[in-house]
């Protein structure tokens, strides 16, 4: 599906697991970013990728200025992301760029920066089953989803998840081992929208799952702001008599 | 613990299961209302009860006017509650009375009236385990609770629960059979606070569970509004020059 | 602008002021409903109207079933709207129909039904100036709006407005006489979206104001749910072993 | 009024206007911090002060660890507050300390850190009248307030205020010159509560106004968390078979 002015998506990935871990290489031979970019491209978005080890982590001002929605996957090296780049991404979000934060991105600098909290949570790697329930079935991010869908195996993430209460809570996960988790969380920050989506442990083929792809595609559409308005500091005299 | 001006609680119960069902009679020989009233009285509240079959369902204007927080348990006979009494309870909530709706009260007229939605949900009676997770550990309703606590057996209630998104979501349940549920939900309506709390199937001794009691006690304290202000329609001229 | 499957809008108006009041007749010779329908039709929606004095108030099950978004204007005769029709409209909203409530509709049965509150507010008719500020500039309902716009003269509506806290507060009004008001309020109820928009006193030509029209057009687009999902009561056995 | 375990409040003030500006010195000869501390002390809180030019800005770990609620007033020198101290304050908020941010603190590092947004707004110094409306009259922060109260003269702050939508919006200001502003905003961050309150330009005697004092006293009580629970990262094995 081609559109005249497709939404421009940049998929950012740390890209380190893929270099070090054979299991991850097998699942994502071109990296998690290219797996995600592939299905987004197929869905009609204008898609490119960026990774940690590129100059400026691939997120130059020019790249960000021509990105409508940024996807973020990171895990091992949150601390290596330079603060100046985090500042830049935050400014673009406040000016209207959408941001979709995936899985272990809960501890990324940019997510913590936009949330103001630690992003801490419970977790466990036990190859267990996750069942994701749709809490707001009429929300754009739930479009095309059944009442619930399952991922197995996945890593467990459990509450308490240290985030501000989501402005809209779309998805809640049930885990075989006994936990629950707010898995699909929507926020507005400035003119930009932020969507956190839980699944995607690097050693599982989660991003090939059609319904996971559907959620991310829906998330991109939802996070896209057609006519963003940048916040401004204004000293105004005009209204006073 | 006696206090000079204790919070005045009225525990309302339909009171029909107790008449018909031997299993319920064994668990709650004096009715669910008296079991709840007992631990609330012991917690220092000034407590009384009211039931469906009393004149005006025990909820005369005088009773409501001297009630700070009303507890509501109903199931079999929501339709028998007269609309005029529902109106009266709604008015008192808007004027500042707290309301704690328990379990099957999700389908009560008063809860649907205050929510504007159907209150529909999934359910299953299978003697299964419920694990209740604390999502907002610093909320007054979570005071004294551990990270999670368990009830077994309990009835399953599952999403999608047709309620407006809670203003504060305090508790989320995990069920053995695979569902999740928003189990502790806070709302403001007019000057009154509304707390929905899930557990309490009539054939299980749920209201004797100390942590369930703790949540209800906390809910009463939270729902109590010291200085309610009634909404008013006002035609005002005074500000115009 | 014609579209293959335009959003189907029904504009409901009480239609009584127009019969009784010469000033209103002059401004809206074909009724408020037709003035609103005209600009919605021009904006590309498939538009029709319905009024109080029609059989079933013009809101038969068939009409509602083929309505994507319903606009509501009422004032003098909220009490004449039959409860059975209010039930029917509420069911359609919960099943996914959008609802845009205008001005004095804050006291309509359907708005109070969906909110659970009284809808009370302060008001004054003093031909004063209203300045409407955009609080969430990136929200779809604010698309194309400047930072603020003015209406003069308008009726004053002031806080405290007895509504549940809006899930999104898009617009806040300033009034010359000294009040503020939450003028653009968004809610989700079941699968349906509800938008309350304040302006539109019957003796002023408010609905000819281009930016007022813009907000209502945006409101219709926002309130439209592409793939609504009706809430269901479900007894489920399938997950238990 | 003395209480056995009074809430421990630390009032932080930049304290620079008082050194440079004679008008400010006249109004607050002992500094804004001591003016605020005086009425808080009189209200029964255990109160102390801290200022920018003290070692560690007066906010040592020991001071923060024994502070239940921190008040923040800054304006000229937000940039001089060391990031390490901001980190420390943020950690304490997430661990349960309340934070009340006043007036120009909307641009402080700690407020922007906890909000994730710019805090930008419109402003004008024109000695104009502010009328503050109570939007949630039953909220603890509104206790004892009339429907509205006035400050004159005050500085104007206007929308759009670049903050996340408040979890509870308690107060909205009307300004003579034509603006509105969300003046009393509540947030939860981790186990800590954050309250932003608008008034308090340094050249006006705002903090001597009894109702302004009432709001700040109420804000301290509201922001105090009795039993905070620190968020934790936990790797858990115990639930899996």
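A, B, C and D label the chains in the order they appear, each numbered from 1.
We take it that a contact is a pair of C-beta atoms (placed from the backbone, for glycine too) under 8 Å apart; a residue touches a chain by one contact, two chains touch by 3 or more.
Note that the coordinates shown come from a computational prediction; the quantities given were computed from them, not determined experimentally.
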Practice prompt. Pick out whichever of the two, B-D or C-D, is joined by more C-beta pairs in contact.
Written response: C-D
Worksheet item: With residue numbers as the basis of comparison, which of the pairs A-B, A-C or B-C duplicates the interface of A-D in over half of its contact pairs?
Response: B-C
Item to complete: Report, in whole Å, the distance between the mean C-alpha point of chain B and the mean C-alpha point of chain C.
Response: 32
Worksheet item: What is the distance, in whole Å, between the centres of chain B and chain D, each centre taken as the mean of its C-alpha atoms?
Response: 34
Practice prompt. Provide the list of chain B residues touching at least two other chains, using ranges where the numbers run on.
Written response: 136-137, 158, 160, 165, 167-168, 178-179, 188, 190, 229
Worksheet entry | chain C residues within the chain B interface of the complex | 90, 94, 113-118, 120-124, 126, 128, 156, 158, 160, 162, 164-165, 167, 176-179, 187-190, 231-237, 239-240
Item to complete: Name, in rising order, each residue of chain C that touches chain A in their complex.
Response: 96, 136-138, 142-144, 167-168, 188, 190-193, 225-229
Worksheet item: Where on chain B is chain A touching in the complex?
Response: 131, 133-137, 147, 158-160, 165, 168-169, 172-175, 178-180, 182
